[in-house]
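Both complexes below contain chain A, partnered by chain B and then by chain C.
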Partner chain A sequence: MLGYFFRRLAMLALIVVGVAIFTFVLSRALPSSPIEMMLGSKPTAEQIAQARADLGLDRPVVIQLGRYIVQVAQGEFGTSLRTGRPVMEEVIQRLSATAELVSLALLLAVALGVPLGILSAAQRGRWIDGLTRMLAVSGVAVPVFFLGIVLQMIFYGWLGWLPLQGRIDTNLIVDFPVPAHTGLLLIDSALAGNTSALKSAFSHLVLPTLTLMLASLATILRATRNMMIEVLGSDHIRAARAYGASRRSLYFKLALKPTLVPLLTIIGLTYGFMLGGSVITEVLFDWPGIGAYIVESVVTNDYPAVLGVTLVISTLYLLINLVVDMLYFVLDPRIHV
Partner chain B sequence: MSSWVRGNIFAAISAFGLGSIVVLALLAPYLGLADPTQIDFALKLLPPSAEHWFGTDGLGRDIFSGVVHGARVSLLVALGVVVIAAGIGIPIGLVAGYAGGWLDTIFMRISDVFLAFPPLLLPITLSALLGPGLFNALIAVAISWFPWYARIVRSTVLSVKSELYVQAARAIGTPPLSIAVRHVLPNSLSPVIVQASMDFGFAILTTASLSFIGMGAVPPTVEWGLMVASSRSVFLEYWWTAMFPGMAIFLTVFFANVLVDSVRDSLDPKLERKP
Partner chain C sequence: MIDTAATLSVKNLTKSFVGQHGIVHALRDVSFEIERGQSLSIVGESGCGKTTAALCIAGLQSLDAGSVTLSGKNFSAASRAEQNQLRSDFGMVFQNPLSALNPRMRIWQSVAEPLRVHQPTLSGEMQHQRAQAALEQVGLGAQHFRAFPGELSGGQLQRVVLARALILNPKLVILDEPTSALDVSIQAQVLNLLQELRDTRGLSYLFITHNLALVEVLTDQVVVMYAGRVVESGPAALVFAKPRHPYTQELIRTIPEATPKNRAAFRAINVGQIQAAAEVGCAYRLRCAHAKIECANVVPPLATQTHAVACLFPLS
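Take a look at the complex of A and B:
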């Protein structure tokens, strides 16, 4: 298994190199060159030559590509044209906000989706099944941004229960700063024993999490239902039923176990959707994560930042997929390399 | 039996719903609606009324007219996305699957790179580089999706390739190109058609999302995602500015998905239809 893991890791590295080549090609195919962006509208010929030499643009393309890949391997994604800071630094700074949002949404989607899917399968054809199926079909048809806006209308505009946007009350953070240990505000404020910060962080998380979660919840719910229905018709379940197994062990142990591995695949896919969906959610809720960062970079034509974030997110996505694949071995003893 | 009937009622409602949206979209210029791009500050932010069924937006534009005209744009763009993605993917998948060898290897490695991006990220990156505009967004999404189509075609081609009629064609000396195009391709298309119809709703969502974050349609194009985006500063007081275009996207995608699901289920002999 360890051998397989390393082979997969090597594959992953190769794909990341492929992605790096891809982003390199994209950066060369840009409509506007970074030189113009750095030097303003009327640079002199010497300035242009100097900047080209600084960026290594006067070298052959193959050499440039080689240098780019070496830089990427070292975690150097270039400098943001907008802030002049290294892209990697900005990405890391913002990654924790996205991680907090996406992991919470994924946890919730699994925690709700799997039991609801089981319930739906167990009550197949009844009204509760119809209701959950409706939820499943609607959940993937709602645009993320519209769902967020409707939630904002209801819970901020109408009921006034939750904040409109942002990650925490800014006044509060000025008065009582929360020391960053994990970067996750929920955990950090709990560690600091700062209950008002914890409350604020939590109330700011509710709407973005719900917005990001619904499509994944729907997907997981639907997949669980369909797989459970298949398993519930199989012989070992019928036998267990005949032996008088309790409903609880029937549904949650005997039937759930064989669906776990395919379910894991779905959850891995869902995670990818969430990384994409978080861009929209973060823009809508003014959430300071990498999704919002990508859009800010696009709007300001900050291409090194766009390509850098693209590379980081896809690497993360590949890593998650690898972890999911490795979990198969843990969950299913029948799988061997 | 009862669930089968219920399933078909849903399908019928969805077919009717989607059909109405398509008809409205086709007839939009001939319905005598207000010009959806006509700005009139005297009429701004009026609530829904007999005059303006869905109210007016922050620039005094009629939202009902915008929603109807927006249907044209959204349906056409979504169609464009799946047609172009399939149009690029099918020949590549056919060549990779039928020829095999190094062509196949190169293709598979390239598609590995494309599939390394989480959905929506690659369209965002590409349309960022292509610049705003609905057509660029369409191209960006189609380029991001074509490897999926190529992969589907490739895997079907691999199995069709070993069918008896293909072997027979080869045995009587039919040229490879002719076998690939006349015998293998037509028998490899149905999974692609299923995939394309399932992707249709997703294409609407994706292009609307791009427009929402400012990487798709630009004014004066009337597009649903852009309509919702432009309501962002006012929707808390004037709910109709966001609600109607948003509902239009939701319902269109909902109807399309339900319809595709039920058609696919009824075509699939493996699914048992008893409750």
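Take a look at the complex of A and C:
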């Protein structure tokens, strides 16, 4: 198993290099140039030449690529053309905001989706099954932006219970700064014992988490239900009923275990997808996350940032997949290497 | 006190489903008994209700009416928890042994599962020992104990399922088509094993089958079902030697050599027609060579002559 793990890790490194090369070539092949953005509307020819030399754009593309790979291998993604700050630093900062949002959304989606899925499978065809089906269909069908706006209208506009946008109350954070340990505000403010910051961070998280969660909840719920029903209909479950296994052991032990394997794949994919796909939610709630960062970087031709983000997200995606694959060993005793 | 109650007593079992052709009466008033140490087979063609009978008896399907009594204890009227307790009184063997075993459990774990349910205080060590003993009893060697179901052959798997059914030392084993998923040479092995176990442990079997060889070798009583009704029942030897119901006769004649010529004797009739026929008269009259007008108007009662038969004009 350890050998398999290291083989997979080596493969992962190769894929990351591939992604780096691909995104780099793509960024050079695009017709737009970051120079215009950097130098304003009417730069002189000397200014352009100077900027190109500074960025190394006057060298052959192969040399540029080589230098880029070496840089990346050293964990150096260059500086953002837009903000002038190191890309790595920005990505980590933005990513922690997204990770907080996405992890919470996924956690909630799993914590609600799996039990509701089991319940619908157990109550197949009854009213609770119909209710969860409606929830699932609307979860997939309702566009994220619409859901977000509706939630904002209700909980901010009408009820005034929750803040409209942002990650935390800015006045509060100026008066009582929270030292960053993990980059996750919930954890950091809890560590600092700053309850008002914790409250604020939490209330800011509620709406974007709900918005982001619903589609995944729907997927996980339906997947759990359908796989549970399939397993529950199998002969070995009937055999277990025949020798007197209790309902609890039927549902939570015998039927849930085989369901968990494919479910884990879905959860892993969903997590990776959410990390890069939370753009709409982030823009809607002015969440300072990686999705919004990607959009800003792309529209301003900030290619070091785009490349950096792409690499980080694809690496994360691959790592999540690796973790999921390793978990199969735990869940299915039949798998040996 | 000697327990004289029948091992299994089934009374007026009735069950219907809503199917494609409207309501299908899978069981109509089915009754029979298995005396202690005796074995019984339910035979009949596919769709006659025999598997539904097995599932209803085992409490895997709810009953519309009727009762199932296990060694004097009313099983069908028990609560779910009580039923689960009573399930240690019988073992169950299904048609397809591969799918009846949890693919994620090792063989010995599957066999030990009923122990974990019914004797939860038993140590892991003891469970393992009991499972091993049960597996050895059905003729499986130590090299198979830690295998997964996918690694064994069909005959070996059916032995595993049998070991699981026997580990709680039940007096009754319900076997639903135990040999039909096995090829002929393996069938013979399993039959020999069943016979040996019956003789050494005094087991009662309830077979659901259309394997008449099995019926002849292993059972004392036979119940013939057609369209959810018992059409003939009695001692196996007698029913085979002198079938009184035309359906039984046809069944005995046809099954051992299912050639197209003989199969033509059974006219193709759909379930809906049979169900409709069963409402007002003898369900078999649509196929029966001896059918008369009266057969369409009266549901023949199960009357005892040399043995029980439900036919207005029984064969002599």
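Simple rule for what comes next: the second predicted complex is superposed on the first by the 314 of 337 C-alpha atoms of A that agree within 3 Å, B and C clash if a C-alpha of one lies under 4 Å from a C-alpha of the other, contacts with A are read in each partner's own complex, and residues count from 1 in each chain.
Please note the rule applied: a contact is a pair of C-beta atoms (placed from the backbone, for glycine too) under 8 Å apart; a residue touches a chain by one contact, two chains touch by 3 or more.
Note that the structure is predicted; figures quoted are calculated from it, not measured.
Chemist: Kindly say whether there is room for both chain B and chain C on chain A in the superposition, answering fit or clash.
Modeler: fit
Chemist: Looking at the overlay, what does A:150 touch: chain B (first), chain C (second), both, or neither?
Modeler: Only chain B is touched by A:150; chain C is not.
Chemist: Mind working out whether A:138 is in touch with chain B, chain C, both or neither, as first, second, both or neither?
Modeler: After superposing on A, A:138 lies in contact with chain B but is clear of chain C.
Chemist: According to the stated criteria, A:277 is in contact with first (chain B), second (chain C), both, or neither; which is it?
Modeler: first
Chemist: For A:295, is the partner it touches chain B (first), chain C (second), both, or none of the two (neither)?
Modeler: After superposition on chain A, A:295 lies in contact with chain B alone.
Chemist: If we overlay the two complexes on their shared chain A, which of chain B and chain C does A:313 touch? Say first, second, both or neither.
Modeler: A:313 contacts chain B only, not chain C.
Chemist: Of the partners chain B and chain C, which touch A:124 in the superposed model: first, second, both, neither?
Modeler: First partner only.
Chemist: Touching A:22 in the superposition: chain B (first), chain C (second), both, neither?
Modeler: The answer is first: A:22 touches chain B but not chain C.
Chemist: Of the two partner chains, chain B (first) and chain C (second), which one does A:65 touch, if any: first, second, both, or neither?
Modeler: A:65 contacts neither chain B nor chain C.
Chemist: If you tally the residues of chain A touched by each partner, is the higher count for chain B or for chain C?
Modeler: Touching more of chain A: B.
Chemist: Taking the superposition as given, tell me the minimum C-alpha spacing from chain B to chain C, whole angstrom.
Modeler: Across the overlay, chain B reaches chain C at a minimum of 7 Å between C-alpha atoms.
Chemist: If you look only at chain C, which of its residues touch chain A in the complex?
Modeler: 58, 60, 80, 83-85, 87-88, 91-92, 94, 96, 99-106, 113-114, 117-118, 148, 150, 161, 164-165, 168
Chemist: Which bits of chain A are touching chain B when the two form their complex?
Modeler: So the residues of chain A in touch with chain B come to 15-16, 18-19, 21-23, 26, 29-31, 124-125, 130, 137-138, 140-146, 149-150, 152-153, 156-157, 164, 272-273, 275-277, 279-280, 283, 294-295, 297-299, 303, 306-307, 310, 313-314, 317-318.
Chemist: Report the residues of chain B in contact with chain A in the complex, numbered from low to high.
Modeler: Those in contact with chain A are residues 2-3, 6, 109-110, 112-113, 116-122, 124-126, 128-129, 131, 201, 205, 208-209, 212-215, 225, 228-229, 231-232, 235-237, 239, 242-243, 246-247, 249-250, 253-254, 257-258, 261, 275.
Chemist: Provide the residue numbers of chain A that touch chain C in the complex, in ascending order.
Modeler: 234-236, 238-247, 249, 254, 257-258, 332-334
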